[in-house]
Structures are given as structure tokens and as C-alpha cells.
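The chains carry the letters A, B, C, D, E, F, G and H, assigned in the order they are written, with residues numbered from 1 in each.
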Amino acid sequence: MILQQYKEGALTLEAATAALQHDEPSVLNLGFANLDLQRQKRCGFPEVVYCAGKTVGQSVQILRVLMKQYDNVIGTRASKDVYDKLAPEIPDAQYDELARMVYQFKDKTVVNGDRVIAVITAGTSDIPVAEEAALTAEIMGNKVERIYDVGVAGLHRLLNRSEEIRRANVCVVVAGMEGALASVVGGLVDKPVVAVPTSIGYGANFHGLSALLAMLNSCAAGVSVVNIDNGFGAGRMADMINRMR
Amino acid sequence: MILQQYKEGALTLEAATAALQHDEPSVLNLGFANLDLQRQKRCGFPEVVYCAGKTVGQSVQILRVLMKQYDNVIGTRASKDVYDKLAPEIPDAQYDELARMVYQFKDKTVVNGDRVIAVITAGTSDIPVAEEAALTAEIMGNKVERIYDVGVAGLHRLLNRSEEIRRANVCVVVAGMEGALASVVGGLVDKPVVAVPTSIGYGANFHGLSALLAMLNSCAAGVSVVNIDNGFGAGRMADMINRMR
Amino acid sequence: MILQQYKEGALTLEAATAALQHDEPSVLNLGFANLDLQRQKRCGFPEVVYCAGKTVGQSVQILRVLMKQYDNVIGTRASKDVYDKLAPEIPDAQYDELARMVYQFKDKTVVNGDRVIAVITAGTSDIPVAEEAALTAEIMGNKVERIYDVGVAGLHRLLNRSEEIRRANVCVVVAGMEGALASVVGGLVDKPVVAVPTSIGYGANFHGLSALLAMLNSCAAGVSVVNIDNGFGAGRMADMINRMR
Amino acid sequence: MILQQYKEGALTLEAATAALQHDEPSVLNLGFANLDLQRQKRCGFPEVVYCAGKTVGQSVQILRVLMKQYDNVIGTRASKDVYDKLAPEIPDAQYDELARMVYQFKDKTVVNGDRVIAVITAGTSDIPVAEEAALTAEIMGNKVERIYDVGVAGLHRLLNRSEEIRRANVCVVVAGMEGALASVVGGLVDKPVVAVPTSIGYGANFHGLSALLAMLNSCAAGVSVVNIDNGFGAGRMADMINRMR
Amino acid sequence: MILQQYKEGALTLEAATAALQHDEPSVLNLGFANLDLQRQKRCGFPEVVYCAGKTVGQSVQILRVLMKQYDNVIGTRASKDVYDKLAPEIPDAQYDELARMVYQFKDKTVVNGDRVIAVITAGTSDIPVAEEAALTAEIMGNKVERIYDVGVAGLHRLLNRSEEIRRANVCVVVAGMEGALASVVGGLVDKPVVAVPTSIGYGANFHGLSALLAMLNSCAAGVSVVNIDNGFGAGRMADMINRMR
Amino acid sequence: MILQQYKEGALTLEAATAALQHDEPSVLNLGFANLDLQRQKRCGFPEVVYCAGKTVGQSVQILRVLMKQYDNVIGTRASKDVYDKLAPEIPDAQYDELARMVYQFKDKTVVNGDRVIAVITAGTSDIPVAEEAALTAEIMGNKVERIYDVGVAGLHRLLNRSEEIRRANVCVVVAGMEGALASVVGGLVDKPVVAVPTSIGYGANFHGLSALLAMLNSCAAGVSVVNIDNGFGAGRMADMINRMR
Amino acid sequence: MILQQYKEGALTLEAATAALQHDEPSVLNLGFANLDLQRQKRCGFPEVVYCAGKTVGQSVQILRVLMKQYDNVIGTRASKDVYDKLAPEIPDAQYDELARMVYQFKDKTVVNGDRVIAVITAGTSDIPVAEEAALTAEIMGNKVERIYDVGVAGLHRLLNRSEEIRRANVCVVVAGMEGALASVVGGLVDKPVVAVPTSIGYGANFHGLSALLAMLNSCAAGVSVVNIDNGFGAGRMADMINRMR
Amino acid sequence: MILQQYKEGALTLEAATAALQHDEPSVLNLGFANLDLQRQKRCGFPEVVYCAGKTVGQSVQILRVLMKQYDNVIGTRASKDVYDKLAPEIPDAQYDELARMVYQFKDKTVVNGDRVIAVITAGTSDIPVAEEAALTAEIMGNKVERIYDVGVAGLHRLLNRSEEIRRANVCVVVAGMEGALASVVGGLVDKPVVAVPTSIGYGANFHGLSALLAMLNSCAAGVSVVNIDNGFGAGRMADMINRMR
């Protein structure tokens, strides 16, 4: 695979040489990165690229290799620059500005067609994180229903949608500020709830700490929590739950 | 007043002498304490004694003076020892073990007979703090309605009581863990909500921090917050609001 | 209402279609937002729009709907861009740069003409937060008195104004740094005090934490606290208290 | 039901009277507690009693009612006193000292016979929390496999058991100190991982904060987190995931 | 000196031997402790013994040596056991239960007779810390005036004493909860203020953090701060300031 | 004074009118600010202006009044803009870019000619804070000696200067990172040490927290602490100590 | 080995059976514990038992197996009960009350006879942690020199011992409060320094946080840090460094 | 040396004059900096310059002096500006943009030719910190092996490289997020591990706190920790360990 990718220009000469020196069947060693080529087999989806902290060049080089190798690929927290550099070579690459995701979504098979993941937000400001979760779940083969801006300050907004929520197989609840929505949804359904605290708020929200602590201390059982603003993690967790058989 | 109290045994000789040396009309100086004799006039209720951190003897001596001087008196965070030492001399003194309050409640005039303060808890474990709030408000002349264990994990428990809650003029919401109840109540009523975070919970509740932050970040407006476990403060705030004219 | 607003241009075709699909009497569903049309009835004032974290377009679309529907409307933490986009269509829209509020203030009825809310600051730097509180209270129908820069480092500045302060029915105290002013005012008056910690300061003020903790631990009773820099919340709380009847 | 329970002695006269006054089909109001009688129907299992912060008497009274009404009932963080008071009347009540759980486990139907929940600990000291999770999952109808003391300081201990772990449908990972086990397990399996940080450790573990933060920041996807030492929450989450159909 | 102290029984044979092996003129090496015999010369007062964390035996052995060598000696945070073991041999040793200090105070020369250190507390509960400060300053040769329980909730109590306070040359202000007193005193005087936060309070006072942060952020200049509950440190700082010439 | 300042252009018409309406001898009310005209008399130096959080216009207007009224005036945390606007009218105004201070220093009388304040830094990066302290002390009439970059990693650098340090009457120690210098200096001298933690460092220094906590916990007595980066506060405290008589 | 240990009574029947079922050469599975029998080979010393959080019975059973198998064995944070139960069967077991260590130290070979590890404390109160470090290093085959109570408040105490310190090959520095000693020693030597923050102190030391942060921010290079009070970890790190060849 | 450097232009006239006034053999006093000229002799390498917080001019002036005096010199956290100003005069100066280091590396002697320091990262985003460590160690005379992007989410990537890792004499492990790699490596080797937490991550990683706490609480012994993102400190510690003889 290394030589072929080199030939196709996915790898530079330098990276290809480095990779050949470490010729391990399960890893593609680019020097600055060890691509885990067993991830899809082991965990059900290829390695997802966390682009923050990487240079644009590093992100592009990793994503190029993965996108040539796999149908569906995700890069999170990516600047538009990554997409712009990638697009000329990878025609199926897409970019979602809200979710800051660069991705390739060629295989649209829905894994569990009758199961639905509900992605629910407390407010409009939580939507970017929710979109990261929703898109992740969709690219991984799930049907997603978006229910946005139903926070507890106007409870009837939530209750109006409770039938939809109860029909879902997994709920992803995305909320900032006091994060109360996770507990309220958790009390309404008999399905697992994945809670995502967001950093929406100010002052004593301490960049998402208030919602994080609230969700960890939820009085409703069947709620578990991912990192602040970690839409991807919630989408992946929901996908894993949803593909349970 | 000093000499009379000395004669009646409320002050020791030492305290009386100290007090006389500082003969200020507005303060009774006991050396270890300066009783603020203008508090009732200035703030509407005599000085409330915070007994934690004081020796039993200090608490008793201060409360004795106040209970002889005023009809209604409150000592908070008091051990039963304080009451036991006080009771022989002050026949009207009472002790509430749950609320850890020692008090005298002789004047039962209700200040605003038609107005009600609702004291609402998320769980049974929050009741001691709620009782401190309720008792405080009652001793200060308010009508109180207790609505306990209506946390958001079972929303219908709260909605069942929503008529009572909406009829109240002020709501005191007492909740630990994720403290979501304050936001939900805040979204249901058009009256001021005084939120009391409690230390009920464990782990990432960090002794009440989770509920405190949640309440401070409530997405519902018209909610303000007092210290963790500060039932007295909430009762007093509700009283002040309720006596608005 | 949906069709009419569509006709008047307040809703895009897309938003109007979305709204019609969810035709719920109590909610206007814009897809990215569920406007709570019962808020005024339930809580006494229409939904207030928190503009931070929303795109300018989202804020504008929500405010446009609300401003066409209600006389008095508030958007908090709004950039001037929101106002600039809104102004051509909504001639009564106004913008306060200090308070970062965009608002419509057509109904100037004072709800309780004889009652006054005092908004008091410790320093000049606290004024933006204080103005958010004052303006909020005014738009909601209250008479407001501003008493600025009377912090405790020069106590006579405060004492000079104590008559005005005592005449108020509710006090909003806005202070950063050590937030001592809330306790001092709390000790001077027999009216409820709503304390607003600000992030004014540096170093160990930890973005407002010092004032927040100080106010939560106030030795004066009758003080409750809102989030750091939450002028709006304090104004709303004061309004709710003030309209008590 | 109220009168019958009164007759059988499960309710005191006082509690029965209180309950009758609030005769709501979905709640049993004991004054100090509102039992949520819809919980099983709504969420799949009767209300679980959090005994910490309740008096022994309150816990007993609530559990007695529930244990008479339902086959399988759980009380968490219960002292042995609760069990001792309950046992004479409720012959099927059991107590697990390690997990501090009092419970009734009469219906032993396994809901999803072929699915297994693996409960994995990093060390021996984490076992009490793990047992709370395992017992919870078992009482709720799941098959549980315990894999204890396989922390990352001796990786071969974990790798030796990797086949068992991979066969599980859900993994509950219980770890204190640096909580690294959650990430390592998360990287080995393609099933959802519910991570439970424990307070095992000292110093800069800050009562479980180190493991909590580590788990929230796991570089492996498909990991979500519950509160520190919250074995019950993890067991419940795993049960909810496992009963997905 | 070593042999003489051995002869007089202040040192055990073992300690004396250890000390002789390290015969350094400026240090007395007891193995578990290196007594700094230059401290008085270098810093104006002999080494003060912090007894917390030491065994009773270690504290006694160190204090015995110092009390035989110097007139005035201080051991802080000492249990009464230390005193009880020391008293038979050191007839001038004294113990103050409130301040938890064991000390010898033989030389009562007042260093600066006309200068006064005012030790001021916000409440009665702060007195133990204040006494540690006051006693420290007295033993080091200063005249101390105690002004207790003049917290800001009743400002007139403080203003009544303002003449005394203004006459002092240094003010030590001891306060818990919100610690506002330091700022108010700082604004009243033109003398240095040493502020001591105490751990008095609960909940969001976080064991003294609220007062500590408040004092560090004081809006009044001329205020500096010592550790929470560090009465000794404040007394020593005040002493150093007061002996300025 | 108001009218005269108005005539000289120091006050706008609006400000002068506002000031006249509140004609209080001790305060100059500018609406947005209450200048404390008793500060010099009460505390020995005119009000110092904290410019952060104020608009340039507000800072200028306040400083203009003060600089016309007093010889020596200080504005801290001022941007150069403040100076640039002030300079044309106030010829004696100066600006120190390092210390971010705008000031007027016309009266150069040294109050205590033979007493010296040593301002000592651990590193070069701490100099801006040190300069704020040194300049403050100088403008207030003290003789200052600067001893920079003598941190504990090279102890001989400090010991080389120990004679100078011991000769000082007060030491201001400015250090970031681990702040060890305060303890080491505190152990060398018999004079009061005012410690200033700086935010120099990164990572687990948490913006100065490491140095702050270290200094508060100094094992050397006679050390007290001001806020992180608060050079002004330290300079003022040192001045107050130094003018002790 | 399993059967032999069973015969000798080191394993109960139950444990032996469990162990046999999992007969893995590298692990001894006791059900509640998986003893890592490769640890000595892999890491140079048998598994060290962390006794906190384990029952006495669990600790005893694990230590019994290890002490029969290996010459030198360590159990940390052990109560004396563990030793008392172990002693009758394991005659070479010893207990150090100060260090709370139970251990077996049969092979006293010194691995690197000419190399010395210096264990240095700031105060007497730090000795228990230091002894844990020193004893650990000794049992692992190192020569240790103890230099106690040489904190920076009396620098000459440290400088007096600087020759000894410089001769060491590794320095373990144990200090609480402000932890300055680590930086000062780090600046004196050209050898690696392992710093151990202790929880000695109070107030703003926050259970060792002040020393921890100070040490992590040391301005001296060549300093690395272990957990608060982790004498064992420091001893082990020093041992690993010291056996470098 | 001063005059010669002045002649060569390394010192300005002003600096040279200042230096001459303080003519101390062990220090070069530049006024704003005291260069420690004994550092190499005392600690084995010349003073390393921390450029953050210094002006470009200060950094340049200090580095110029050192680079003329010593062969190998390091400036950390330097902007490229420092290099650009330095390069014309110091032809051997180099700049590494990733590591933000300016350095001179003229003496390439490897101190311990057969010993290797392995620098290992969890991810690609950790490489800048790792490069700071690797480069530091190399400039100080060590052989370094880089093993990047082998985090625990794909354990085989690490295990593939375990032979290389085990051959190293010291391991530097650089990881952000949950920092689990330090524990896993610590469990694989019998060599000292220096762990460097990085700030890579977001949300509840709190700028590196999660990895820092995880590493401090590592269940593997033989792991010690440096400050967040402190590649230099780890490289220096590894160098010190590696040069052990």
C-alpha cells in the first residue's frame, strides 16, 4: 500500500521512505504519525483525525491517506484550510463549517435502519456541538433526528417533542449553562442518554464546568457524560450503543 | 438594659462590666461579641446568631441576651448542647434537630397573611436545609408551604404540584446533585426564585459545587442563589421579598 | 401568525415552512430555535434572547419575530452587528453599547410607580454590568436609580448616599474585586439585595470568582447572588421582586 | 394501594393519611418523599433509593413500600442499619456490605441471555465500586462478567483477558488513580465503554478528580463517563445499553 | 551548650551525641530537627516551632531546648499534650487553649511602648485566630489592643470603634466568610493592614478561600495578606512592621 | 473647586453640573465616578486610579481632576492612550511603559530619607511588576533600591547582594513560577517582607497561582502577600510600613 | 507454585482453585487480585502492594504470597493490622510505623555501593514521607543518606550540609508548605532531583497543592516531581536513576 | 571578560558599566539580569534562558553574551524575532520553529555514547513539546531516539516499538488528553520515566490539568513528572539521569 500511495501522490517520498523502514502490517508510520490501520477492524471505524494541534500539512497528509483507503473518514476540529488543501485531490471530501469537520461520506448504508439517535439541544448556541455529534453518527451509519432549542426554561417546548424523544433508541443531549436538560430527558426515557456539556455561558460556567458537573451528578440514572464540547465523542458513543446486536 | 440583664442573670459580672465600659446605645459589647442592637430597627429582625465556630458558652450568652430582649430570635447551626444549656432559663426556647436551629418564636403574627412562600426540594435528603429555610421564614412572620421531593428525574411529581407552586409569591428551591430543579421551577413561574444548592451528592458534586454552579448558570431568569446549604439565608431573602409593600 | 410574519418578511420561506410543520400554539419552531410564545404569559415578559454563541443571522431572525410580536423585547450580549442588521426593518430597535443590549422599549408604563430599584456599583469599571441590570429593569417597567462608584475603600461615599439607598425597594449591588459592597449594603437596609459579582480585577480575582465567593458568603442576610457579570439576571430578579403584590 | 399498605403496616397512619390527601395515581406522597410510581413504566425499573442523606427511618419506609410493590428493588449507599430494620418485615431483602447496597432480587429473569456486561477494575481497591455496578446490572436482568485487577502497570494481565473483554457487549471500566484503563480498554474493543472513576488514590488525585478528568479526556472514542464512585450509575447505563433492541 | 543541656536533661544522650557529631555553631542538630540558633540574631526572635505534623515527643524536645536557651519562645498549633509533657520541667511554660499556643513569656519588655497593634475581628468565631496573632505580637514585645466582633453587617459597630482603630500603628484584621472587613478597615486608616482570612463559614467559603481571595483583591491599598487561619504569621508581620525604626 | 475646574477645562459642563448637584465636601461626583477627596487626608495619598475596565475617556477625566488638585498622582494599568490624551493638558504627566503607569511626580520630597525599600525580583521577566512597585513607592516619597534577577536557582547571586538586602527597611519580593525567593529572603532578614507573586510561567503555574500559594505558605515568618502581579499594592504597603513613626 | 503455596497455607482453597482455573504463567489470579509475577523481571522489583483501599485480609493474602516468593517485598500505606496478621507466618516481615510500610528485607546487597541517594527534608514534619522514600530505596538495594530539617527559612542549615548533598548521586527533596527547598537544592547540584511535595501545612496549602505547584514550576532545571506525600514513588524513581549503568 | 565583550559589541556601554560596578567573579550583572557564570560548573550546563516575559532586546543581549562565552547554549520559548536579531552577530545560532528554541550547538560530543534517551509521544499534536525535550537533550550531549504517535488508543502501535523503548536508558513520555501513555510505558520498562503532560486537548483537559494529574497519580512506579508543556525540563532531567556515572 505504501508504494501505491506514493505513486498516487498521497505520500511524499520522505514519508514513503519512513513508512517503508518501519514496514509493519498494522501501522503506517509517517514519522510524525503512526496511522492505526487496524482501527476499523478492531473498533468498527477507521482512525478519526483530531486536527487541533496538528499543522495543516500534517492533517492533510494523514487524511489523504485515510480517505484514499476508506470510504467514510472523519477529521474533527479542522480549520477550513485543511479542507481547502485536501479538496483538489480528494473530490469526495466535504467540510461542515458549523461542526468544524472535514469528512468523506461515500458509503451511506444505514447500519440499523429502524433505530434512531435523537440529538437534542437546550439552546440555539449549542447547535455547533450538536452538529458534530449528529454528523459523526450519520457518517458512521446511523439515522439521526435533530431536536434543537428545547431547554428547560420553557418546559412545554420539550414536552411537545417528548413523543419523538421517546421513540429514539439513544439520546444525545447537548447543553451548556446549567445542563439541566440531561436530567430532565433522562427522567423521561428508558433509553441510554449520552450527555454533552457545552462551554456556552459565561462567568461561573467556567468554560463548561457547570454543565459538566451538573451532568455527572444527574439525579436521573442512565445518563453518562463525555468531555465538554465533545460532539464527536457523543456521536461515536451513540453509534456504538446503537449498533448493539 | 445592661444592669437589668445582669440582675436577671443574663449577663455575667464580667460581661456586664465590659458592656458598661463601652456604653453605646446601639451595641452591647460582651468583649467576645458586639451585639448589634439596631439590627431589628435597621434590617427588620434582630441579629441572628451563627453558632458554628463559637463555643457553646458564647452562643448561650448571646442568645440569652437576645431572647430576653426580643420575642422572635434565631440561632443557626447550633448543636443541641446550646439548647440544653439555654432551656432552663429561657422557657420559650425551642430546638429543631433537623434544621439545627435553636429559636424563640413567641410572636406568631403573620406579616403578609395572604402571601405564601413555597419551599420546594428536589429530594428527601435536601429536607434539613429546606427546614432551616422554612422555619426561618415562619419565625420572621411568613406563611410557608412545603413541597418536598419533586426533583426532575420524575417530572410529573413536579407538574402535579405546579398549581401550588404558581400560587406562591416567592419560591425557595432547595436541591443538591445537579440542581436542575431551580431552572425548571424558574421556567414555570413569574415569581422570584431563591435557589439553595445543597451538598447532597458525592464525587464530582464537590460538596455542593455542582448544584451551586448549575443554579448560578440557570437558563431561567428570575433566579438568584445563596450559599451551599444556606437554608437560613434563603429563608431570610424570601422573607425580605415577601414583605415588600 | 406565521403566515403573517412571513408576508411581512420577518420569516424566510424556509423558516415559515419549518414553523408550519410544527404548528404548535405555544412555540414557533424555526428549526434552529423554538421561540417560547408562552413566556410572557407564564413568566411576565417575552423570551429574552441570549445572543452570545448564536450567529448574527440567528439572533436577528429571532429578535425580528419577537419585536414584531411584542412591545418590549431584550437581546443580551449582542454585538453591534445584530443591531445594524435589525435596525432597517425594526425602526424602534435600539442599541446600548455599554450594556451590549439590543432592545425595543415601546411600552414605557411603569408597573409600580412608587417603587424604586437602586442599582449601585463599587467602581466605575462595574458600570457596564450595572447598565445591563438597570436597562433590563427599566424595559420591564420599573423605576431605577443609579448610584455608581461608592465602593468601600471610601466609606463616606456610600454613607453620603445611604438615604437614597434606604429608600429603594430592592437593591442591585454590582461589584468586582473583593465584592465587599454587597455585605455593607446588606447591613444597611431592610430590603432584598441582589448581588452581581463582576469580573473586574485581575490575578487572584480569577475572572470574578473572588467577588462571587465573597457575595455568596456574605455575613449580611437578605443577599442573594446571580452569575458573574450577569447584569440581566439581576435586573430581572429585581423586577420580579419589585412587582410583588 | 395506600390503604392496603397501611393495613400491612408498610405505611404509618400519618404517612397513609398524607398519601390519601394527595391521591395521585402516579405518585405516593409520604410527605418527606414522593414515590414515583411511574418510574418502572417510564424508565424500565422502579425508582432506586439513594439512602445517603436520608435518615434510616426514611430509607426504611421508602424501601418497604417499594419492596412490597415490586420484585426487584435497589437502595444504594445504604448503611447496614437500613437493612437491619428492614429485614424482619421484608424477608427477601439482602445486603451487600462491599457495595453498600440493600436490595430485593426476586425476579432473576435474564433479559438478554446472550449478552454480557464486563465489569473490569484496574485494582483490588476499586472492587467495592465495581460490585455496586455489577450487582445493579444483575438485579436489572443482565449477565455480568467480573474481570478485576488488570490495571495498566502490568499490561499482560489485561491482554491475557482480552478475549473475554472483546466478547462482552458493554464494558464497565472502574479505575482510580490515573484512570488509564478506560482508554486502553476503549482502544481494544468495538463496544461501548462506560467508565467509572474511583476516589482510590491520594494527594493530587483530589478524591477522584484525576481519574475523572483522564476518563473525560480519553483519546479512545466510544467511552463515556459517570460520576466518581458511581457504580450504580454505570450499572444502570450498561443495563440500558444492553437491553437495546 | 550541648553538654550543659544534656546535663540538665534537656537533651537525651542520643540527641546530645547526634548534636556533638555535627558540632556547628549555628545549628543544633537533633537528627530529626536542626535548630536554627542564629534565628534570633538574624530575624529578631528565636525559631518558632510549628507543632502540627510533629510527634508530641519531637515538639517537646525542641521546645525544651529553646525554652532553656531563650526567655520568650513560641510553639504554634500545639495540642495540650505538648504543654502537659513540658510543664513539669519548664515551669514558665504556658498554654493558651483558644490559640493552641504553648509559650514562654519571661521577658515582658515592650519594644515600642507608644506603638499599638490593633487586632480586629469580624465575628466571635474568628477570635481563636485573632488570639494567636495577639499573643504572638505580645510575646514578641508589642502592645496589643483587641477589637472583636465588629464585622460589616453592622457597620456602626465598626464606626463606633474607629477612633481606637485609627490610633493603632498597625492593624491586623481577622475575618472569615466574605472577609469584607479588611477592605473597610483599609479604607479608614493610613496605616498598614495585615489581613488574616479565616476558615469560618461553610459551603462556598471552601475552607477560607472566599475570605482569602477577597482580601487579596481588596480595593483598599495598604492591605497585605497571610495564609488562612495564620494568626501567628500576622502577629509576626505586625511585630516586624511595628519595630521599624 | 468644581467651578474653578470647570473654568480651567478639567470638568465638562455636564460633569460640573452633576458635581454641583451633589455638592458634598468630601466627594466629587462625576456621575460615573465619585472622587474621594478625603483619601489623602484619611490614608496619606490621593485616590489612585485603576484604569483597567474604564474607558480612556473616563480615566482621563478622573486623572485630570486629580492631577490639577494634587502634586503626586498615580493611574495604574493604564494604556498609553490615556497618557496621550492627558499629556497636552497636564504637562507634568508621565508614562512608564513597562509599569503601565501614568503619573504625576511633582513633589519629590523623600519622607524617610534614611529608610530604604528594596525591590527584589527572581527573574528578568518579573521586572514590569517590580517597576510598578518601585515607582509607586518612589512617587509616594520613599527611597527605593532595585535588586533584580537574583532568583534561587543561582543562590550566590542572591547571597552576593545580601548586605544590600539586609540594610533595607522593607523588602518587596517579586517572583513568579514557584515564588521561592520570598521564603529565602524572609529567612535572611529581620524586616517585613511584602511578597508579590507574578503570573510569569506557564502550565501548572496557572497564571500565578503557584507563586501565590507558595508565598502564602512561606515557612519564613514576617512575609505577607498581595495579589498576583499587584506591584502597586506592594509598593503602597511598603510605603505605609516605611512611613511608620 | 500455586499448589505448593496452598500446601504451605499461603493460599486458601478458594484462592488456589481460582488461581488454577486461570493458570497463566505470568499472573497469579486470586479473584480479587491478579499478582503480576513478571514485574521483577520486567521492572526490576516485585509488585509493590498499595494497601490503602484494600481490606486487611486482601493485603495480607497478597503480601503472604509475595513474601514467600521473593526476598524483598514492600507494602505501602499499610495499617499495623496488616503487619500483625502477617507476622506470625512471615517471620521476616517488619513494620515501620512512621512510614506506614510493611516489608521484608532479606537481601541486603547494595546494588551500587559507591552511589548515594540523599533524602532531604525541609522540616521535621516531613519525615514520615521521607522515611517512606528512604526505606523504599534501601530495600531496593541503595545506600541512603538522610539530611532532615534543612528548610530555606534558615539557609545556613542547608549550606552547612551542601558538601554532603553535592556528593549524592540523586537527591530526593521532601517539603511541604511552599516547597521552596526543591528549587534551592536544584540550583546547588548537578544531579537529578526528585521532588516530593507533602501535605504539611494548612489553609491555602490545600493539602499539598502549594508545594506541588511550586515544585512543578521550579526555576531550577533537573527537578521532576511525584505525587503529594508519595515517598514510595520518589524512592522508586531514585532507585531507578541510581541503578543506571 | 566584561571589557572584552564590550569591545566585541556583545555588551552596550551602559551594560558594561553596570557590570563593572558590580564586578563579581560569578555573576555578570546587566542591571535587568544577573547572568550566573557558575551555572555550568555547578550544574553542568550554562544558564538556560527562558525568553517568555522578556523583551526581545533583553533575550538577545543575554543570549549574545552566553553564546560568545559557551559552545552550547539554549534559549527556550523564544519568538523567531529573537533569532532574527541574534543571527547577524552569532553565526552559529539556530532556531527550531516547532520547539520555539533558539540555540547554539557547536560542541557535538556525545557524553554517554552508548546510552539512549527515548522521547515518546502519544500523538502528533504532542510533537512540539517532544522536540523541545529531544533537542535539549541532544544539545546537552545525549543520543536521542524519537518514537512519536504511539498513544494507547491503538496499543499495538506502542507494542510494535516496545523493543526500542526497552533498550533506552531513560524514557521521556509526552502526552496530552488523559496522559495514559506514561503509565503504560512505566509498566513496560525498568528504567526511569520522565513524564511531560501537554496542554493538547480541550474542555475538561483544563489546559493540561487532566494529563498532569493522571501522570502524578500513575499506578506505575518509576515515573516522575515535570510541568505542563515543559519539554525543556524533561530533556534536562533526562540528561541529568543519563549522565549518571
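As a working rule, a residue touches a chain if its C-beta (ideal position, glycine included) is under 8 Å from a C-beta of that chain, and two chains touch if they have at least 3 such contacts.
Protein identities per chain, from UniProt: A, B, C, D, E, F, G, H = Nickel pincer cofactor biosynthesis protein LarB.
Treat the numbers as computed from the prediction; the structure is a model and nothing was measured.
Any chain touching chain C that also touches chain G appears here: E, F. Relative to the C-alpha centre of chain H, the farthest chain centre belongs to B. Comparing mean CA positions across the assembly, the chain most remote from chain F is D. Our note on geometry: chain E versus chain F, Cα centroid distance of 29 Å, whole angstroms. Work out the mean CA point of chain D and of chain E, and you get 50 Å between them.
Centroid to centroid, with C-alpha atoms defining each point, chain C and chain F lie 36 Å apart. With each centre defined as the average position of its C-alpha atoms, the distance from chain E to chain H rounds to 43 Å.
Shared interface positions of chain H, defined as residues touching 2 or more other chains, are 42, 123, 153-154, 187-188, 203-205, 209, 212, 216-217, 221, 227-228.
Across the whole structure, chains are in contact as follows: A-B, A-C, A-D, A-H, B-C, B-D, B-E, C-E, C-F, D-G, D-H, E-F, E-G, F-G, F-H, G-H. By the touch criterion stated above, chain F contacts chain G in their complex at residues 122-123, 151-155, 177-180, 182-184, 186-188, 201, 203-206, 209-211, 213-221. By the touch criterion given at the top, residues 123-127, 148-150, 153-154, 156-157, 160, 176, 200, 202-205 of chain B touch chain D in their complex. Residue ranges of chain E in contact with chain G, taken from their complex: 24, 26-27, 31-34, 36, 38-39, 42, 47, 50, 52-54, 58, 62, 77, 197, 199, 207-209, 212, 227-230. Residue ranges on chain C touching chain B, taken from their complex, read 42-44, 48, 115, 169-170, 187-192, 194, 212, 216-217, 221-228, 232-234, 236-237, 239-242, 244.
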